[in-house]
Amino acid sequence: MDTLTRLSKNLAVRIGIGVVVAVVLVVAPLISSKYVNYQLGLIAVFAVAILGLNIVMGYAGQVSLGQSAFLGLGAYIAAYLVTADLPIPPELVVPVSLVLCAIIPAAVGLVVALAAARLRGLALAMVTIALPIIGIPLAKRFREFTGGSQGTTVSWLRAPDWTEGFLENDQWRYYVVVVIAVLMFVLARNLVRGRMGRAFRIVKENEAVALAMGISPYRYKVMAFTIASLFGGVAGFMYLGIVQYTSPETLSFHTSINMVAAMVIGGSASILGTIFGAIYFVLVPTLANEIDSSLTALISGAILLAVLFLVPGGLVSLPRRIAQVARRLGGRRATATPQNPSDEARTPGTTAPESTEKNKGKRQGQ
Amino acid sequence: MTLLELEGVTASYGHAEVLHGISFRVDENEAFGILGANGAGKTTTLRAISGMVATGGRITFDGTDITGFRPDKVAALGIAHVPEGRGTLGDLSVRDNLRVGAYRRSDRAGVAEDIELCLDLFPNLRARIGSNASALSGGEQQMLAVSRAIMAKPRLILLDEASLGLAPSTAQTVYRAIKRLRSEQGVAMVVVEQNAMLAFSVVDQAIVLETGATSLTGSRDELLGMDEVRRAYLGG
Amino acid sequence: MAYFIQLVIEGLATGSIYGALALAIVLVNRATGLINFAQGGMAVLSTFVAYALYHAGAPLALAILGAVVFAFVLGAAIERIIVRPFERGDPDTAVVVTIGLFVLIGGVAAFFFGYEPRQFPSFFGLETLDLGGVFVSVRSLGTIVVLALVVALLQLLFRGTKLGLAMRAVADNPQSASLSGLPVSRLLMIGWGLASVLGVIAGVLVAPQLFVSPGMLDFVLVYALAAAILGGLDSPLGAVVAAWFIGVIENLAGAYIDVIGNDLKIAVPFVVMIIILIVRPQGLFGRKVVVRV
């Protein structure tokens, strides 16, 4: 295992891996079926959505159960813009839509966060739950914009004329969506590694400490939530690009919950984990459906719990966890290991000398 | 008659061992002191007895090996632990706190009598009997914590840093009540204290801990006679 | 006027359902310090048990009793086996654990019973009473009475019995409670079992109206959470009052404010809740939380 860690830190190796990944990403759609490209595109879509969720939940520690509302909003905005008669040249429709799909959901997220970020963690979660719940009837109501309960079907992002002959629609869509995804990931990575990311982490860890350091928890929570909404909106644009259809169902509360689950399973507070999470989100229900459709929820729930118990850091931490378990089984002196719930004392009576005051504060939903 | 015996007891928090083989004996009706500076392992020793920390070695109570028993099992055997920080049940009233102390008992008349005994020992509590325990001052909460232990009608009381955070006069009041408890009820005690003078007002025997191991041991008079003790705790 | 009273009573009845589940949520939160997103799912699974027993030939009352026993055991088992390691730790991890439970239990229900909504008989029958021009269903009245009874019984349990005292002590400070000899592990299981029973009561009361399906209580759960938070999260009475409030407001707004109508009326409780929480973050009846640094 140590060899692997050493290898992964080697710059040459990393560049090499990056090149391989890039090549695979570029070549894949050319050799795969429409169905596979569709799935890959969906993975990109939800990777961006879950990435936003990870920023606000994994890094900044604010529970959000309404990410699907921003995804849906983005999809609807794009659907409206590409079907309506707008006074702008047709080549600009797509870029303008992308920008608006980023800005408008971000603005909505900003307003919601400004109001709600002062609330305790759980109350904030409730507000986020309210978003899809209120969003769905709103979507059904404003039929002129949204197509009502039936939803809107579109046909856009067709392969442009200059690719005539070597790119099909589905392949073009895949490329557009993957390029956007890569850009969003780079953006997220820089954000997370920079000052903002550090501030998020401190706010998540302990708000009082953040305050003492001059970091306003309120301000950073609002920022995190706005960023998450932006990512959600962009993901919505991408969603419409791949699926070519949106309806009130896109906003469903269940989608939000499943995205949270996928984020945790992939690995929260981890960029790579987000990708695993997206793969899980898209593929597992498909696979489970193949086995037995009534088993889907059961399998998903079981996997989520299994991950939380056995690999709390998510799939992305699987190698580390395996190494940890191997070390412990080997009986060697274990080095400092991250806290896992399964390692903690089972009865509430046996604890390390922490004052119960600290946990009391935590108990009240942060 | 030996009531409590520790033999080579070790204790660890995670992978850090903080007690390295403590041994002592407490007889029935005896008051035993554990002294030492901050971080010496005094509180950990009591936690080891109560089963609140990973323990090695052997702890025997009235003939039964209780090493590693869960806290509620230890309490059921007749050991009442007044924890560091008092363990006040803040959301409950003073009266309810006392009732919780008597949880394992079924003699309602006896429980009522003992509530009276506690209020007699600590008159401050009588006035506050209906208030929420979180509204009590530090000293009152300490009195409540000791009373809760008394309510269990225990054979042994573990008293952890009863003077911590209290004004000297309040600490004196608490210890005076403890002395009264000793002389009137004859309950055995293990008293952990940083304040050696307070401890010596109650205990007959004591050990002094230093970084998890015993550095000195002896009767009250012996210890008071030692230069090290005098220098460390009594200013020469 | 009669219409108004009808709306209020119906609102109180719906609110009672929210209230029963909200009580369960508050109970679990006080005992183990986390919000159980699976509370509704557990209630639905137990309601399915009642359904199965009834269709196996048991009289309704017995079927419900069987479901109550099942619910208690289910709650206790889940606490001991799944939730225990996560209690009093990071609340966000605990949230995700209960979300996982929510998905899993829904999956179990779907696996055994499928997604088709099933009919469930009303314990109170289907009659409507005419009280001086006001038409009220016996079921609605029965629901309100049941909840009031439940609240009274819970008060009695917590204030007047040794078990209730023990549960309060464990909820306050489990480590200290164990030092007084309280069997903390057992008491936590009982707490969850009791909460689960409250949930199945909600399930059985609302099943005739909503039809039993794995997602039956999904919306009710969200309302119950809103009520629990609005009530202040540590106040059982607050949760019930908030739940009634939410039920009544939802109904009145839906009926009297045209622009809201029947489909958007679910937004009303949330908007009201958000406004109240902004003005008073600790909820209507909660205590101001002081976080010790």
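Observations on the model:
So that you can tell them apart, the chains are marked A, B and C in the order they are listed, and the count of residues begins at 1 in each.
Just so it is clear, a residue touches a chain if its C-beta (ideal position, glycine included) is under 8 Å from a C-beta of that chain, and two chains touch if they have at least 3 such contacts.
These numbers were taken from a predicted model, which means no experiment stands behind them.
Pairs B-C and A-C differ in how many C-beta pairs touch across them, and the larger number is found at A-C. Nearest to the overall CA centre, using the mean of each chain's CA atoms, is chain C.
Remark: chain A and chain B have CA centroids separated by 52 Å (rounded to whole angstrom).
Measuring from the averaged C-alpha position of chain B to that of chain C gives a distance of 43 Å.
Centre-to-centre spacing of chain A and chain C amounts to 31 Å, using the average Cα coordinate of each chain.
Shown for chain C are the residues in touch with two or more other chains, namely 173, 175-176, 178, 184. Looking at chain A, one finds that residues 347, 349, 351, 356-357 touch two or more other chains. For chain B, residues that reach two or more other chains under the stated contact definition are 52, 70-72, 87.
Across the complex, chain C meets chain A through its residues 29, 33-35, 82, 84-93, 95-97, 99-108, 110-111, 114-115, 173-176, 178, 184-185, 188, 214, 218-219, 222, 225-226, 229, 233-234, 263-264, 266-267, 270, 273-274, 277-278, 281, 289, 291-293.
For chain A in complex with chain C, the touching residues are 57, 61, 63, 115-116, 118-123, 125-127, 129-130, 133-134, 137-138, 140-141, 207-209, 253, 257-258, 260-261, 264, 294-302, 304-305, 308-309, 312, 341-342, 344, 346-349, 351, 356-366. By the touch criterion stated above, chain B contacts chain C in their complex at residues 50, 52, 70-72, 75-76, 80-81, 83, 87-92, 96, 99-101, 103-104, 148, 152. Within the complex, the chain C residues that touch chain B are 162, 165-166, 168-169, 171-173, 175-184.
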